[in-house]
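You will see chain A twice below: alongside chain B first, and alongside chain C after that.
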Partner chain A sequence: MTFSTFCRRAGVALLGALFLTSCASVTALEPGPYTYDKAMTIQVGETWTKYPRVNRTKSQGLTIDGSALNTLSLTAKLKAGAPLIYTLDREKILPVFGSDMLLGEVAEFTLDSLSFIGMQNTTLTELTPDQFGDVEAVRFTFTGDVASGLSYQGMAKAAIHDEQLYLILYYAPAEYYYGLHEQEVQTIMDSATIL
Partner chain B sequence: MIRLKTLFFGATMALLSACASTNVDPIEVGARPDKTTDEAGLWQQMDEYEKDLRASALLERDPALNAYVRSVVCDIAGEEYCNDMRIYVVKRPYFNATMAPNGLMEVWTGLLLRAENEAQVAFVLGHEFTHYKNRHSLKNWRAQRNASNAGLLLTIGAAAAGAGAASDLGGLVALSALYGYGRDLEREADEEGFDYVTAAGYEGREAAALWQSLMDEIATSDSRRKKRRVARASIFSSHPLTKERIATLQDKANQMPGGVTNEARYVEMTGRFLDEWLDADLVRRDYGENLFLVNKLIARGDRLGTLYFRRAEAYRQRRGEGDDVKAIEDYTKAATYEDAPAKTWRYIGDSYRRKGNVDGALSAYQTYLEKAPNSPDRAVVQLFIDQNS
Partner chain C sequence: MGTVGQVHRQIVAGALVMKHLLFKSFIAGAMLIMMSACVSTRTVATTNEFKALEKDAIIVLMEPDVQLSFLRAAGMREVRADWTETGRANILKQIETSLAASDHTIVEFQSGGDVARENQLIRLHEAVGSTILTHRIFRAPLPSKKNKNDWSLGPGVQVLKGENNADYALFLYARGAYASAGRQALGVLVAVAGGGAIGTGDQQAFASLVDLNSGDVVWFNVAMTGQGTDMRKEEGSASLVKAILKGFPLRGEDK
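Moving on to the complex of A and B:
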């Protein structure tokens, strides 16, 4: 018995995971200040590759070694009722952001979104108070596995400003790759401000 | 993921023999197909798949649960066949079990969540065992190949691409050629499966009850498309879940003496996974079905702290009109039971905090930190307590 209509893989993609399309060109993001979507600024210390924006999301994917090895995504001005991810399968109902979420719930919403696209066993490992420029924020870390058994580690910084979500999310295989750019990502998160 | 080379090996095998017979005998205990046969090709594909499955994060590795599920399979299949089968509990929130020709059986946690007792699970496993014993994958493979060799190759090519893109064991697309058994083989699996299960002493009425319950669940789905498909009685293209199918099983059951359901043992073996399985089910975001499942379990009356918490979670995450009120009611109810997860108090605190009830929030947060002193969000909760007390 295989109810394949039930379990057909959704054409789901999140943030980094969706930048696989080869038709659109990727561009380099050189060290220095970067303003995303006229809404968020960060300071970048290494050269990142910027994937083309997918219009249906409020996110920008970045990577250094390829999206499977490290993914940094910037999300700005995500409105209430909007999902962080999108799916081609309209039957799927996505986790959506709510502007009345507390920041702890934002962390859960982020992990729910990752679970939705197939990360297994997502677990929040630490959630601490932080600042996103002048705005009250949280920093959190998490772990998860992909189906093949590879373990991932991640960290993120989130704030709600003017009822909209601002999120910087990083994840990479726990073995070697997470640590490889951890310091760079810390610096990016420390430097982030909301415009 | 099914590797390309094995898929092409399978495809080549298919071309080698022109028009093979679809009349195959049941598999013998300990049998392994001759290397030169198409059947060996099928087995090799599944051996590769199984290698990946063993490393997968999707495997539920709890020894007691695995031993329990295996014991149910062995009860209905008999020890000899059981020795030829490897049974894996797989963390997928869908109602499913699969059986591959090489003796690999997957039992998905979504099935264990939905079954009400051991007899219901046994029926599904008996159904799967019939697919295996009667070599339905081989029959099916040959039937498809006889229909069109060229078409098959195309299917394989497409399937390989699909599996690559999915890049995990969800390469189910690739397996659909093996598992889409069609109506006749499904009926055979239902009927023989039923016989195995009742011969092992289980209550036959549970087979129809399981299908009925699944139909009831789908009727509560948030997905209009899914409901429409059920209305056309064809939700599972390979698995027509029809009134006829239910009626057939019901008739068979009525001619049998009653049997055991082993509900108490089932509840004992699966109860401690309910929180995790219902949480995983919520990843599907079908709140209607999730609430149906929670309510069914609440009616059973066991682990109510966990279950009211789970229902509150469904309401909280659905974020519909009035859901915040329903959520806080259920969190509060959950908090009166021993088995309520510590998180219950965090959400009660969150809810008070949103409403501006600082004292209520403080008290709930303090309880939360007492119950879960090492919770990962401790610093954030403590900050609120420090700022407000």
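Moving on to the complex of A and C:
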């Protein structure tokens, strides 16, 4: 998919609406404990910008420097059959979560999902067992790039609990921005628990 | 498209989509002035620590990231390599001319060999510039930044210092679209019929001055022009460059 194709699909009207309607719902998340959707707790050490929760994907986006420069996404209680991402193209068949997925398959599902919002050439670089509080989890890192050629790095922590997906996903340009808040994100992931 | 719910979903689901939307916001802003030939500029003052050198700074002029398109009657943009090359050359020449009278040394960027890293820095500038544009020009909220304008490309920019051990790098990103005769006619017809304005071309650019030690963006400016200017032509590119360099902090006596 080319840059211009992406732009055409997005549309000027959408952006205008975005700016006009989302402002009131975009707030600061100050350092301290944060409970997301009564389902997950994390400990935040820096001030983040917090976007509204998306009901369909059970996700909430956070950023510090701007979404193109660092994005942290929290997902809790995503049920089987639901997509992790959302696009305006209704003809796209999006990857959906399956409650019978192995944790390694969740990593692949995550990267497949990212490809639908413009992350290309994704590669899983590390996959290790982890804990999401008391729940068995997986932590993985990955690389990818966008149409402009800018390379991204990412890391994520995922668990399946009560047949629902819990995921903390972070990605940022590999040049400078990934490392800028990497320790903060590590701390957030280490502190995460499922309620 | 464009219900509130959809918009909110888009925010969370698509940070990468957002990046591309930023470009569209650029276009949207330009549309507001598309019917005029005037040039609109807006400078973002950095909150990074920055004291401009009075003279003898070495400024690396990065190759302008220019892309010019043919705007078809149906509104589709088709990138034209020949126009892009002409526009890039015009912009480069105009910048060099404009800064020639300053008390500083302007050098064109020469690759130091790490081409992949250098390209990443140019791409990162596009992402950072688009972010500044969105949150400081179009004022999309970003409460985590509060009132700070402290964006940076990071110390990795030192690979751009080159043999001259340059102090700063000047990045420029420009996009332009020029309508077909059919679309221009359509624009007239729609306007005559009271149907509002149809975009018949626009030019937008942003430029950043980057400290090559810290990577901090120490100056940022954006310029948008209507259909009356054309960077494929010498006068049009001169007009755009004059606008984009307004307030440039290292121009010396020419400032």
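The rule we apply is simple: the second predicted complex is superposed on the first by the 169 of 195 C-alpha atoms of A that agree within 3 Å, B and C clash if a C-alpha of one lies under 4 Å from a C-alpha of the other, contacts with A are read in each partner's own complex, and residues count from 1 in each chain.
To be clear about the criterion, a contact is a pair of C-beta atoms (placed from the backbone, for glycine too) under 8 Å apart; a residue touches a chain by one contact, two chains touch by 3 or more.
What you see is a predicted model, and the numbers here were worked out from it, not measured in a lab.
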After lining up the shared chain so the two structures overlap, which partner does A:G118 touch, if you call chain B first and chain C second: first, second, both or neither? both
Considering only the touch criterion stated at the top, classify A:Y176 as touching first (chain B), second (chain C), both, or neither. second
Who does A:L103 touch here: chain B (first), chain C (second), both, or neither? first
Touch check for A:P129: first (chain B), second (chain C), both, or neither? first
Of the two partners chain B and chain C, which one touches more residues belonging to chain A? C
Tell me which partner A:T71 touches in the superposition: chain B (first), chain C (second), both or neither. second
Touched partner set for A:Q60, first chain B, second chain C, both or neither: second
Now for A:Q164: first (chain B), second (chain C), both, or neither, which partner does it touch? neither
Touched partner set for A:S148, first chain B, second chain C, both or neither: both
Shared chain A contacts, counted only where both chain B and chain C touch the same residue: 3-4, 6-8, 118, 146-151
Considering only the defined contacts, which chain A positions touch chain C in the complex? 3-4, 6-8, 10-19, 21-23, 25-29, 46-49, 51-57, 59-61, 63-69, 71, 73, 84-88, 114, 117-119, 146-151, 171, 173-177, 180
Would you pull the chain C residues touching chain A in the complex into a rising list? 1-25, 27-28, 31, 69, 76-77, 79, 117, 119-121, 123-124, 126-128, 130-131, 134-135, 138-146, 151-156, 215
Under the definition above, what is the set of chain B residues touching chain A in their complex? 1, 52, 55-58, 91-92, 94-98, 124, 127-128, 131, 162, 166-170, 172-173, 175-176, 179-180, 186, 189, 222-223, 225-226, 229, 235-239, 283-287, 317, 319, 346, 350, 353-354, 376-377, 379-381, 383
In their shared complex, at which residues does chain A touch chain B? 1-9, 91-96, 98, 100, 102-105, 107, 112, 115-116, 118, 120-121, 124-129, 138, 140, 145-151
